[in-house]
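Look at the two complexes coming up: chain A is in both, with chain B in one and chain C in the other.
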Partner chain A sequence: MEELKKKVKQALEEGKIHGFLGLKADEGDISPFFMTKDNIAELEKLTAPDGRYSLGKILSRIAAQNPGKAIGVMVRGCDERAIIELTKASQLGTASTVQFGVACTPQTAEKCNCPQPYPSTIDFGEKAKSVNHGELLTKLEQMSVEDRLAYWMAQFDKCIKCYGCRNICPVCYCQECTLEDKNLVPGGIVPPATPVFHFIKAMHMADRCIDCGLCEATCPSNIPLRTIYRHMRKVMQELFDYVPGRAADDKSPLGTLEEGGRLIH
Partner chain B sequence: MSADNGFEPTIIGFLCNWCSYAGADLAGGSRKKYAANVLPIRVMCSGTVSPHHIVKAFQMGADGVLVTGCHIGECHYMKGNYMTAKRIPVVKELLGFIGISPDRLMLDWVSASEGEKFARVVTEFSDKIRSLGPSPLKGRVHGRVKEESQASA
Partner chain C sequence: MYLEVMDGKVTGTLPSMNHPISEGSLCIKGWNAHEPVHSQKRLTKPLIRKDGVLTEASWDEAISNVAGELARIRDQYGPNSLAVLTSAKCTNEENYLLMKLTRAVLGTNNIDHCARL
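And then the complex of A and B:
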């Protein structure tokens, strides 16, 4: 960690980065923090804890406030994938990022069920093995359509429409959210219009989900949201060989008029 | 007309303005007989049919959704129907995973001169939906089965 702190400090002092976004431990609490050269002492609190924050989402806000500047950011595997998706969607504006890679511990990887718990360049930590528990997905895929409907309806019925899954999602960036469209999801009713509410979210996740699992971790009703999004990732890979968060110059087949992919008929 | 205890499906048809709607017009104009189960909605391009519209149709009680557009390469907007061709298979997969049979959604291309094909597509799709039975979302209020929500109220 000391080495990473030194690297960040050096980059700040040399003016390579305008500011740095990371996670800090403050009296036992973990929180995201943004610092510039003016409050360099903050850097001492930098840590790579078990807990996570949607750093990509915070970064897009900071980028909007600092156009044209280089911003240093601590990235895990999931943060890196999120930043790739946000770059594709022009959500970082003219700001550029300098990434400081942190590899997750095997414990964190296991807890997050993370298929890629490390970024492409690692400045701190050791590469942990990828984890891929997909028992529920396999079970659901083998079920009959009727059983699946019963399963999901029971799950969606638990939804309290807190919008937690959307708010935490690092790649949900729209200013106007379809989930708040009164024509599709009437207000004042809990659970929200099923399955429309979750269908819309899943459809939007199909070409964006970076499989960080924050939605499921946040959900107060324990709806296995990640399983739907994982299925959609799989579908996108099978149909179009498209994996969100893989490379910044990939284009989503659903968002472009290009040919390619599997055209039916 | 049907043998399955009189069930007549309600099908929402999204027809593109330039090809399929004209195709439907031709089918009518040339007095072709076809199933009257499709309620047509004219859209400017099949590429504008959002997945939201499709799922909303199902939620409001549609037994099936039919999307028709110009043939690939003949789109009035050049490549609008490429969007449709890529999007519909994904929507089908999601419908299937959530528990609505993907057979309830159908995409086909009907040009303005294919009145005959339009009649055939509509009749075949209506027969298919008739054999699948009513939509499992029918009779649910916001996902719950009506009787249950009344009992708990």
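And then the complex of A and C:
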């Protein structure tokens, strides 16, 4: 960690980055923080904990305030994938990023059920083994359509409409969210219109979800949201060989179909 | 929960991912806790209605006025002529204190919370 702090400090002092976004530990509390060289002492608190936050999403807000500047950011595998998607969707504006890669520990990888618990370049930590528990998805896929729908309807009935899954999602960036469209999702009703509410989100995730699992982690009702989005990812990969978060120059098939449904690229 | 602050302005709310109770979850009020902070409609100074018009007052004047009126109503009409409605925007501790004030000082069980409306 000391090495990483040194690298970030050097980049700040040399003016390679205007500021740095990472995670800090403050008396045991883990939170995101943004610093510039004016408050360099903050860097001492930098940590790579078990807890995760949507750093990509926070980065897009910082980027909007700092057009044209280079922003340093601590990235895990999931953060890197999110930043790839945000870049594709022009959500970082004219700001650029300098990424400091952190590989997750095997414990974090297991807790997050993460198939890719490391970024492409690692500045801290060692590559942990890929984790991929997909028992629920396999079980659901073997069910009849009726049983599967019944399963999801029972799950969606638990929803308290906190919008946490959308708020925490690193790749939910729309200014106007369809989930707040009163014509599709009537207001003042809990659980929200089922299954429309959750399936709108699932459709919007089809070419965006980077499988970070934060939606499921933040859901107060423990709805296995990630399983829906993982299914969407699987469909996208099987049909179009498209994996969100894989590469910045991949183009979403949902935006690039030509007449007859053939892919252009 | 954490409040996101950008250039001295509160811009968002985040759950605390490693909090032992909430475990990274918030309800919809929590997720929107930052919204009232910079609201133009927010009351920033005590106001007392004088001759039908809301007039700025000092904290001392406002608190004496409220305490005096509460005591007057209680003494004249009995404690059960008073009721207190607390707020989901208060902390648990503030709500507890208001409950104590209502029961032990005002002497009534007429206390409820806006989350039950």
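Some observations on this one:
Note that the second predicted complex is superposed on the first by the 256 of 265 C-alpha atoms of A that agree within 3 Å, B and C clash if a C-alpha of one lies under 4 Å from a C-alpha of the other, contacts with A are read in each partner's own complex, and residues count from 1 in each chain.
Assume a contact is a pair of C-beta atoms (placed from the backbone, for glycine too) under 8 Å apart; a residue touches a chain by one contact, two chains touch by 3 or more.
Here the structure is a predicted model, which means the values were calculated and not measured.
In the three-chain model built by superposing on chain A, chain B fits alongside chain C with no clash. In the overlay built on the shared chain, the residue A:95 is in contact with neither chain B nor chain C.
Contact with chain C, but none with chain B, is seen for A:218 once the two complexes are overlaid on the shared chain.
In the superposition on chain A, A:161 makes contact with chain C only, while chain B stays out of contact range. With both structures placed on the common chain, the touch criterion links A:73 to neither chain B nor chain C.
More residues of chain A are touched by B (comparison of chain B with chain C).
In the superposition on chain A, contact of A:149 is made with chain B only, not with chain C. Computed from Cα centres after superposition, the angle at chain A between chain B and chain C reads 100 degrees (steps of 10). Closest C-alpha contact of chain B with chain C, superposed model: 18 Å.
By the touch rule above, chain A contacts chain B in their complex via residues 140-141, 145-153, 156-157, 178, 181, 183-184, 189, 191-196, 198-200, 202-203, 206, 228, 231-232, 235-236, 239-240, 253-254, 257-259, 261-265.
Every residue of chain C that touches chain A in the complex is listed here, in rising order: 2, 4, 6-7, 11-12, 14-19, 24-28, 30-31. Those residues of chain B lying in contact with chain A across their complex are 51-52, 55-56, 59, 71-72, 78-80, 82-83, 85-91, 93-94, 96-101, 107-109, 136-137, 140, 142-144. By the touch criterion stated above, chain A contacts chain C in their complex at residues 28-32, 49-53, 58, 61-62, 65, 160-164, 167-168, 217-220.
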